[in-house]
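The two complexes that follow have chain A in common; it is paired with chain B in the first and with chain C in the second.
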Partner chain A sequence: MQAFDCAIIGAGPAGMSAAITLAKSGACVAVLDQASRAGGQIYRASADSPLPDAHVLGADYTDGATLIAEFERVDITHITQADVWHIGDDGRILFSHFGDTRELHCREMLLCPGAMERPMPIPGWTLPGVMTAGAAQVMLKSDAMVAKGAVFAGSGPLLYLIVAQYLRLGVPVAAMVDTTPRQNYLAAAPLLPRAMRNLPMLKKGLDLLREIRASGVPVYRGATDLQVLGDTRAQGLRFTSASRSHDIAADTVFLHHGVQPNLNMTRAMDLTHRWNADQLCWQVDTDAFGQSSVPHVAVAGDGAGIIGADGARMAGRLAALNILHRLDLLPQEGLDRAAAPDLAALAAMSPFRAFIDRLYRPSDALRLPRDPDTLVCRCEEQTLAQLRTGFEQGARDPNALKMLTRCGMGPCQGRQCGHIVAGLLSDWRNEPPETVGYYRLRSPQRLLTLDELSRFHAIPAPTEATE
Partner chain B sequence: MKADVLIIGGGIQGCATAYHLARQGASVIVLEKDYVARHASGVNAGGVRLLGRDMAEVALSKASMEMWQTLSDELGHDTGFRRQGLVNIAVDETDLNTLRAREAKMRATGYTHERIIDRGELRERLPHVNPNCVGGVISELDGYAIPYQSTNAFRLAAERHGARIVEGEELLSLRRVGCSWLAQGSSTRFEADTVVNCAGAWADRIALMIGDNVPLSHAAPMLMITARMPHFVKPVVGAVSRQLSFKQFQNGTVLIGGGAKGFADRAAGSTRLDYAKLADAARTTAEFFPIMRRAAINRMWAGFEAYMPDNLPVIGPAVNAPRAFHAFGFSAHGFQMGPVVGQVMADLVLTGRSQFPLGPFRIDRYDRKVL
Partner chain C sequence: MFQSLRKPERDRVTITVNGHPIEAIAGQSVWSAMALNGQTITRRAALSGEDRSAYCAMGVCFECLVEIDGLPNQQACLRRVTEGMAVTTQEITETTEATNAGL
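Moving on to the complex of A and B:
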């Protein structure tokens, strides 16, 4: 069977940039992506927005269309609506495509799985009507849908961005409840001078905050003790701010306190991971070119550590250059020369990233549930109290706890609750996250019908032009 | 750390042995390199099967089956055992002839727990089975349990009786000095009068330390489990001549086995799956039960399993050292035997005897006397 030189999974900024670089140097590339059009989460529908004027979403978003256009021009095999459910370190990729299972082989692979939002397990977080800021973005970008009169709670740039986008569209917002702890401002202050070198990014953030303040939307700062109100669905948010308890009525509550790498692919492949103590999350261990502990598997973009869309473009190009070198399509000197600008640019971004990471570091009170009745695992409906009982019965390892309580055994396979469970065990055992470990994630990476699995097809690489 | 008995391996055989020993007053340490039930005992298909056992195993398996019926009460923790019956499906006359020959052999030995059923009864018991199937065989005592819960139930009961379970501690060396076994773990030294090898897919290495050679191999049987679906099948289901095996648990999830093997890399401690073979298993399952076509697979995995060349376990004393015993190599059907093996091993350790004939399970049954 023929094989591709490189398969890229995910067509966000990292995947698209890498594909362009690889294709321009003559590599035979396949890009697999879930969506019907390239863009990833950040540039979702940027090339064909359902909004009358996509500029309200900001220039960062509309810039995505330029990258998408360039990506769609290069000569690669772009397989859209491909649901990748198995990635083998032997270079075999299995995915569902319109009800069939397809198999593709590649020499090198580049994973660009992107970021996912940090779970925010406050009491009531699983009630209908509670969503994440990311979900608000998806609704807005894909379907031009909004929720009127919603409360936005949490902290971090993405939360402020969606609030500002709502305001520009004239959608009423009940309140913005900012949970950034006051001490974070103090802790981040020493990092500010170096971050100032990246003035445009800093200004962008400040402008967002100014825009929200100027709109007259009630903004509460330093909020703690958050709780979603309502028995069968969300009816509002209760919290403490400036030593006073507040109840804000709303049908929709959007929660967000930062993003972390989406580990589903990299964990399922057993790549080496490390704990990022600055961002309080796990990430795959890579070198500057995204190369993982398995030499022919690279990871780029937010999926390898949160760096944002601009950083992801650079990381994608760098990974592609290294892959070209590994494919003998680029000599070492060429690699060094071509990589220098992006390496320098990424390094220049890091002081700003360090500042943001410190400023918006999530508080433990929001990262881990406190209330015994709060659900940790939605699929199997396991509460904090039930997990604690399992722990006391001797299940100290995340996988043992899973097998004892079924927490993480449901349809999402712990892809949602894994971070919380690992965090809780680290807390209870009073040991670092590295010692506690993580769920063993396995294929398939999504539900797969028996029918789909039973229909196997192979995807041949395009043959070289006959001479 | 000192104890009367040091058990290597915290799987169901090791934990059940610890339970039976501790219950009778022996001081016991279980040494487990990962955590209890990490491998075959925690990740197997959960089948509690007496049907179709090798004749050499029937007596043990039957005694174990009786223990399973009340095990949760005895241990004080739910094993998840449910007696649902087990049906092996016959697809044609050849299969039926196989079953009739087996039945004659069983009756001659005095066993009556397996019963052939006709097409009508098959349909009654399995309303969703492919109508082309012609009959089958049933054992009413059989069922399933939740592997991790069962093994952990033995562990907790053993601990209640004073057994000590040491997890995350690998046995690095073992030697007999005078009347003691001295064991070096990764961080602790242990000393015991007696050692019991229940180390599953790693048991050949422990046997070597004891002084016994054994032709043990290992493989990685693959399993798939679906998301919950409406209840459509009560008994555990297998087939006489096809690689079919599945069961629907109480929560509605369906576990599909069948024995297809992936790749086991013991040195790396990892398994890989053979997806083409899983696709075959998917096809076979849907062929027998068309309702399964829309079932949604949630997870696929494989676990390390130890095999002997004759697919029978090693149960009994070491041949080249005193005060050492083995229980391993169950060849992918040891989970059901756990309860009785625990008792047998405790008897061997405490009295040197067992009420069961253990001849077929001798560790030296493959030793060649002459070349």
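Moving on to the complex of A and C:
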């Protein structure tokens, strides 16, 4: 079967920027994404918003429409609503598409799967009515759906952004419960002078906080001991702030505790990963061009380590330039020249990133559960106490604990519990995360039915691929 | 309570949720069509059978699994409604799983 020069998975800022660069130099490109339109998390539905006036979401969002328009103009094969569940290092990709199974082949592959929110395993986090702040954003952007009278709890820029977006739309918010520990402000302060070079970014963040404060929505700071109230449904949030316990009634609780790379794709390919001690998460190990431990597999954007949307665009372009070079479509000096501006811009962003990482460093109390009855594995319903028992029975690493307790074996395949289980084991063993390791993952990366597998089609590249 | 702020002009489709016809907007996610019609429960937890509902809305938690046109384990937050689609909340638990075609 005719292979594509390059297949890109994920049409967010990283994947779209890469596709544009590749296509403009004549590479034959396929882009696959689960979504019905390009955009990724930040620019979701930015080109066709269901909201009467999308400008209330902010210029960062509406600016995405320009990139989407450019992406949709270039000559590539863009397959929407394609759920990729197998990527082989032989260049074979399998995905679900409207209940069918499809296959394509490529010479180079670029994974741009983006980020997911860090799970926040507080008591009651599995109750219906508890969602993530990112979920609030997804629902707002793609379906103009909001939850009135919700409480928002956690820490980090995305939390403040969605609260501000709700307020601009006139959607009532019960409270914002900020869990950023006070000591984070002190720890981040020494990094502020260098971060000031990125004044516009800094100002954007401060403006959001000011906007929320001015709205009159109750804001609680330094909150600890969070617990979702309710037996069969969320009924509110209990927490401690300024040494007092508070109960806020709400039928929707949105949680947020930062984002981490969406790892399942890079893990299932068995690429080399490393522990990021600033962001407290695993990430794939790549060079400055996103090239992984398997040379024809590159990873770019938040899926390779959290760098934000602007960084993702740059990383996508850099990965594309290197792929063009590997495909003999760009000589070395052309690569060096074209890459220099993005390499410099990425380096210039890093002091700001370091400041944000320190300020919003996830607190252990919210990253790892404390209450013995809190579910760690949502799918197989394994509590902290059950995992501890498994550990005491001799399961000392994530895979052994998985074999013993079934944690991480459910439909989400450890996407939610992976970092929690690894963090708990690291604490219990009093050893670094690198020593403890992570779940071993395999394809398929989602549940499949025989029915679906039986409807099988291959997608050849258009004939002009450079062979 | 979920509420829609959608501008009015899009095409409507009819789908069924657990046999009841509901109106939805073409291209809307199955999850939002369900939630706006008061059906916020998607599946049952594997062991306890407790009610579960969408958590991430972006495809990484698998709490929103429903059956769509007879096919089990479909993510309601990722699938989009189409005319005549039949959605049922998923009743599979550990005890019923063995009889199903899930791989």
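In this text, the second predicted complex is superposed on the first by the 464 of 467 C-alpha atoms of A that agree within 3 Å, B and C clash if a C-alpha of one lies under 4 Å from a C-alpha of the other, contacts with A are read in each partner's own complex, and residues count from 1 in each chain.
The rule we apply is simple: a residue touches a chain if its C-beta (ideal position, glycine included) is under 8 Å from a C-beta of that chain, and two chains touch if they have at least 3 such contacts.
Everything numeric in this text was worked out from a predicted model, so none of it was measured.
By the touch criterion stated above, A:M403 is placed in contact with chain B alone, chain C being left untouched.
Judged by the touch definition given at the top, the superposed model places A:D373 against neither chain B nor chain C. Within the superposed three-chain model, A:G394 lies in touch with chain B and out of touch with chain C [touch as defined at top]. When the shared chain is aligned, chain B and chain C each come close enough to touch A:T449.
By the touch criterion defined above, A:P411 reaches both chain B and chain C.
In the superposition on chain A, A:H86 makes contact with chain B only, while chain C stays out of contact range.
Shared-chain residue A:D75: touches no atom of chain B or chain C. A simple residue count on chain A separates chain B from chain C, and the partner touching more is C. Comparing which residues of chain A touch chain B with which touch chain C, the overlap comprises 410-411, 444, 447-451, 453. Taken in their complex, chain B has these residues touching chain A: 35-38, 42, 148-149, 152, 155-156, 159, 165, 167, 226-227, 251, 270, 272-273, 275-276, 278-279, 282-283, 285-286, 292-301. Contacts from chain A toward chain B in the complex involve residues 86, 88, 90, 92, 94, 101, 103, 270, 393-397, 399-400, 403-404, 406, 409-411, 413, 442-444, 447-451, 453-454, 456. Of all residues in chain C, those touching chain A in their complex are 1-7, 10, 25, 27-29, 32, 35-36, 40-41, 45-48, 50-63, 65, 69, 71-73, 77-78, 80, 101-103. If you check the complex, the residues on chain A that touch chain C are 34, 36, 41, 50-52, 81, 83, 99, 116-117, 126, 128-132, 134-136, 138-139, 142-149, 169, 171, 232-233, 251-252, 262, 378-381, 410-412, 415-416, 444, 446-453.
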